[in-house]
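The structure under discussion is supplied below as C-alpha cells; questions concerning it will follow.
First chain written, first letter: the chains are A, B, C and D, and each begins at residue 1.
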Amino acid sequence: MLRGTWYISPTPFAEGGEVDTAGLERIVAAAASWGVDGITILGVMGEAADLTAAERETVLSTVAAAARGKVPFAVGCSAPSAAIVAANARRAAEAGAAAVMVSAPPLLKDTDQIGAFYKGIASELPVIVQDEPAATGVTLPVSALLAALDAAGSTVVKLEDPPTPPKIGRLLAQRPGLTVFGGLGGVSAYSELRRGAAGTMTGFAYPEILRAIRLAYEAGDTAGAARINDRFLPYLVFEGQVRVGLGIRKEVLRRRGVIATARTRALTPLPDAATLAELDDVLARVGLTPAIEPLQVSP
Amino acid sequence: MLRGTWYISPTPFAEGGEVDTAGLERIVAAAASWGVDGITILGVMGEAADLTAAERETVLSTVAAAARGKVPFAVGCSAPSAAIVAANARRAAEAGAAAVMVSAPPLLKDTDQIGAFYKGIASELPVIVQDEPAATGVTLPVSALLAALDAAGSTVVKLEDPPTPPKIGRLLAQRPGLTVFGGLGGVSAYSELRRGAAGTMTGFAYPEILRAIRLAYEAGDTAGAARINDRFLPYLVFEGQVRVGLGIRKEVLRRRGVIATARTRALTPLPDAATLAELDDVLARVGLTPAIEPLQVSP
Amino acid sequence: MLRGTWYISPTPFAEGGEVDTAGLERIVAAAASWGVDGITILGVMGEAADLTAAERETVLSTVAAAARGKVPFAVGCSAPSAAIVAANARRAAEAGAAAVMVSAPPLLKDTDQIGAFYKGIASELPVIVQDEPAATGVTLPVSALLAALDAAGSTVVKLEDPPTPPKIGRLLAQRPGLTVFGGLGGVSAYSELRRGAAGTMTGFAYPEILRAIRLAYEAGDTAGAARINDRFLPYLVFEGQVRVGLGIRKEVLRRRGVIATARTRALTPLPDAATLAELDDVLARVGLTPAIEPLQVSP
Amino acid sequence: MLRGTWYISPTPFAEGGEVDTAGLERIVAAAASWGVDGITILGVMGEAADLTAAERETVLSTVAAAARGKVPFAVGCSAPSAAIVAANARRAAEAGAAAVMVSAPPLLKDTDQIGAFYKGIASELPVIVQDEPAATGVTLPVSALLAALDAAGSTVVKLEDPPTPPKIGRLLAQRPGLTVFGGLGGVSAYSELRRGAAGTMTGFAYPEILRAIRLAYEAGDTAGAARINDRFLPYLVFEGQVRVGLGIRKEVLRRRGVIATARTRALTPLPDAATLAELDDVLARVGLTPAIEPLQVSP
C-alpha cells in the first residue's frame, strides 16, 4: 500500500485563521477522486509545526473520519524528541492511520545518534523515514538514512534532499529492496522514477499529473511519462519554489474549489500580486483551468 | 522586576519518564529560598520542545500554583509560528506569569522578517527576546535584535550568542536603556556584568553563586565579584558544556535534594560514568557539597 | 555594459587534471559567438575555490588575452578576508576586467558586518555583489544586501538565493535603480525578468537560450519569452541540479565541442552512467543536438 | 612525536598589514623555549584562509628555516578540494614538516564522502585529521571521523567539536589506539586528558600552562594537574572566546614581547578598549605578567 502517488495535504485555514475542517474534508474527498494511493497529513506542508496540539488533533480526527474506507492516510509525527513522536504515533494508530512519517530531530548535530532516535519511536505502524534537510537543518548521508531505517524497522523513505534522483540511486544501490518516495513538489518526478522511486509523496496541487507520469512509466511508456512531465513542468517548477510554494499550492486548491482560502501561517500569509499574476500566466501556459474534477491526463 | 538573577528551571522527570510535579514544586520553593529574582520555565533547558501540550500545561499550572505570592515567573513561549507563540503567551498570562520569553522561529532564513514575527505575538505580558542561535539555528545580528525588540514593544533581551560580553556591548551602545540578561550557564557572568548586563537568566544549578557575583558587582566590589566567579569557574565551565550540560545540571539538583532523577529527554538520557566521575572531581575542587539549603557565598 | 546575458565560465581540466587553457580559449570564443554580453570567470561554477593561486592566474591571464577586444569579462574575487579580495581585484583590474564579483565571507555569523567587509575591498572596478547562500553558508536579507551594495559603491547584484523572483521584487521595491542578475542556472530566468531582472549571469551551457528569452521579453513579446523558457525547461531543470549540475554542464560543453573533458574537482569528478543516460534523454526531449555553432532560437 | 603539547602559531602582521616574518621567527624561538613538543602553522588560528598564496609560502619557509633542528612543525593544508590539499601537503613535505593537518572541506553536505576526500590527499607525511565544525560548517560524527582516518591512513585527530571530552571518550571507545589532541584554546585541557587525550594542540598564548597540566597528569598527579588548570582557568576561558579570542591571544603575545602588533585580518582587527580592560583584569586575577621567558608553573 505504501507506494504510488501519495498526496500530502495542506492544512486549510478559514478567513478567521482557524483550521477549516470542511475544507479538510473536501481535500480528502477530492484527493480520493483524483486517484491518489494515499494521503499524508501533518507534514511540513501541512504546517504541522504551526498547529496547536488541539488543532493537530482536529486535523487528525477530521481526516480519519473523512478517509475511512476511502483512502489510506499517513500521519506526520515528527518532533524534537522520540517521546513526543511516539505519543503522536500512538494517536495516529488509534485514529486508523496506515503509517507514520518521521524526520530527524531538528538541528541534530551527531548523525550517529539517528538510530537511537528512531529506535525510541517504537511505533506499531509502519514508519516512513523522511529525509528533510530544509525543515530540520539536518543532512543525512545514505549511511545515516540506512541506520534510521534499520532502527525503525522500516523499508520506506521519502526524500527531500536535492538532488533527489542520484540519492535514490545511491540508496537503492546499497539497499535494493527499499521503497523510496520522491518529494520536493514533484519537480523531479520523472527522474526519480528513472532512478527507481516507488512513486511520489508530495503536496503538488495536481496529483493527477504525478499519477499519470507514474502510470505511463510503470506501463513502460517512458516517452509518454516524459511528455506529461515536460508539458506541466513550468507549473511544477513554479509551485515547487521554496517557502512561497505553499501559498501558491493553496491558491490553486482554492481555485480548484477545494478550500476556501489560500491562507498559511507563514510570515507572509498570502501570495502577493506579482506571484498571483505569475500564477495566472503559468497556468495558462500549461493549459490548466483549475477545477475540482479529476484532471484527465494522457501521455 | 525583570532584572537580577533569574533561574531557568529544568523540567524534572520521574523514573517512569513522566513530568515530576512534586519535583517541580520543590524547584520553585528551593529557587525562592536561594534568593532568585524570578524563575523562567519552559525554556530550552526546560526541554519545552520535548514536552507534549498536556505536559506543558502541567508544568505551567504546577509552577504557577507553587510560585504564587513567592516569586515571579516567566514562561518560554517559543514556537515556529507567531500564532502558537501568541496562544502560549495568552495561557501564560492567564496563569499569572510576569513575562514571556520568545526566540526566533527555528531555521528562519530571512532575518528581515524578524519584526513581523515578533509583531504577531501581540502579548499583553512583557516579552523577553531570547537570542538563541544553538537551539534555533538562527543568528541574529544586533540590527535584527533591535527590530525584534521594537516589534515586540520590549526592552528586555536574553543573550545566548557567544561570546556574549561583546554583543552586550554592541547592543547597549546602540540602545542604551536595554535590559540585557546574560545566559549560557553563567560561564561569562562576571564579564557580562562588566559590559552592562542587568543580571543573568540561566539554569546554572547554583543560582546563589551568580547572585553573589552580581550583588558584589552592584555594590562596587568588582574584585570580590571576580573572586567568586573565579572560585567557582571550574564548575561553571563543566556544567556549561553544550548538550551534556543539562544532564549534569539535573544530577546536581538531584544531589541537592531538589529533584528525584537526572533524567532528560535527550538521546543519552543520563550522564555516563566518566561524566559523573568528573562531576565528583570538580565539585570537590571548588568545595561544593550539594545541599538544598541556600549556599552562602562571600566574596 | 553590466546587464544582459552574461556567461559564467567553468574552468576546463585536461585528462591529467590540469587547467586546459586551450579549452578556456575556446570557451571565450564560443561564448562570444553565442552572443553573450560578457563572461564571468573564477566564480563558484569556475571552481575558483579549488584552484591553486597559480592556476587562478592561468585562468585569468588566458581569458584576458582571449577576450580582449571581443567581449567584456568579470572576475570572481571572493575570499574569506577583504584583504585577499582586494588583492584579487587589483589583479583583475590589471588584466583588463570590466568588473569583479564578490560574495559574503564564508560562514559569516554577524551579517551587520557585511558593510565593513565590502568596504574593505576598495576595488577600482565595479563590484557585483553576489548573493550566494549555498557556497558561503550565509543568507543575506535584503537589508544586508543593500548595506553591502552601499559599502561597495555598487548598484549590481547577482542573486542565487532561491526563490530568486520574489527576492528581486523586494530588492527593487526598496532600491528601484538596481541592476539585478538572476542566476541559479537560469531555471527561473523568465520569472526573474518579470520581476525586473536586468538579465542572467549563470553557467547554463546554452546561453543562447537565456539570451533569446531576454530579447523576446525586452521586445515586449512576453508570450514568446515564456515559450522559449518552457520549451527548454526540462533541460534547464536537469542542468540546474545542485552539485551534480556542474558535471552535466561540462559534459554538454564537451559535446558542443568546446572543451575536452567533463572533469571537475568535485569528489565525484564525472557524471555517472545514469546521469549520462538522463542527459541523452532530456536533450532529445527538448531537441538539442550539441554543437559549437550558436543555437538559433526563435520564440 | 605527534603527541604532547603542540602550539598553534598565529600569523603575525606588521603595522602595514603584511606578514611579520621577524615576529614569526620569534614565535618559533619562543615556543621552543617554552617547551612545546611541536608547532602547527597555517591553521584556522594562523588565519590561513586569509593569506595569499605568496604569504602562505612566506609563512611556511620562514617557519621551516627557524624551526629546523629545534622543534618539529606541522602545516595546516586544508582547502575545499583534495587537489589543493595535496599540493599544499607536497610543499609542506619539501619544507621539512613533520605532519600535515587537514579539516573537512567547507560546507560538505554528504559526510559519506569524507573518505573519498581524505583518500585524495595522498600525503607522504602523517595526516592530522582536524575536526573543526566552527570553521568548516561541517559536523563529523565519530563514524565519519573514523572513515576519514582510515582513508588518510592516519591515527591522529585534533578535536574542536564541543564538548570535546565526551567525544574523545566515544572515539577511543571505538578505536582504542588513536592519538587525540584536544583543542578549543585549552579550555577543557584537564578534562580532555582525563578522557584519554594525548595532549593539546591549540593556540593558547601560554603553552607552558597546558604543558604543566599535562606533565602533572602524566606523572600521576591528577590533583596537581587540576590545580594548575583551575588557577589559570579565568584566563583560559577569556582567551578561549570564539572570534574575539584570536585578537586577545595576539595581544598577549605582543605583551610577552614575541610579536609587534595584535593585528588580525578579521573584520574588527584589534581588541576594543573594553576587551583590553578585561584582559588587564583577568591577567592580574590569575597572576600572569606577560614576558617572553618561559613561565614557570608548579602544581
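Heads up, the rule we're going with is that a residue touches a chain if its C-beta (ideal position, glycine included) is under 8 Å from a C-beta of that chain, and two chains touch if they have at least 3 such contacts.
Please read all numbers here as calculations on a predicted model, not as lab measurements.
Student: Please identify the chain with the largest separation between its CA centroid and the CA centroid of subunit D.
Tutor: That would be chain A.
Student: Fit subunit C onto subunit D over the CA trace and report the rotation angle, somewhere between 0 and 180 degrees, nearest 5.
Tutor: 180
Student: Let me have the rounded angstrom distance from the C-alpha centre of subunit A over to the C-alpha centre of subunit B, please.
Tutor: Subunit A and subunit B have C-alpha centres separated by 37 Å.
Student: I'd like to verify one number: the distance from the centre of subunit B to the centre of subunit D, where each centre is the average of its C-alpha atoms, in whole angstrom.
Tutor: So the centre of subunit B lies 33 Å away from the centre of subunit D.
Student: Could you put a whole-Å number on the gap between the CA centroids of subunit A and subunit D?
Tutor: Taking the average C-alpha coordinate of subunit A and of subunit D, the gap between them is 47 Å.
Student: Can you list the subunit B residues in contact with two or more other chains?
Tutor: Within subunit B, the residues that touch at least two other chains are 109, 113, 243.
Student: Viewed as a graph of touching chains, is the assembly arranged as a line, ring, star, complete set, or other?
Tutor: Contact map by chain: complete.
Student: Quick one: which bits of subunit D touch subunit A in the complex? Just the residue numbers, please.
Tutor: On the subunit D side, the touching residues are 109-113, 133, 139, 141-143.
Student: Flag every residue of subunit B that touches subunit A in the complex, lowest number first.
Tutor: 17, 47, 49-54, 79-84, 87, 106-107, 109, 113, 116-117, 120, 134-135, 137, 243, 265-268
Student: Show me the residue ranges of subunit D that touch subunit B in the complex, using the header's touch definition.
Tutor: 162-163, 165-166, 169, 187-188, 191, 194-195, 226, 229-230, 233-234, 237-238, 241-244, 272, 274-275, 277-278, 281, 285-286
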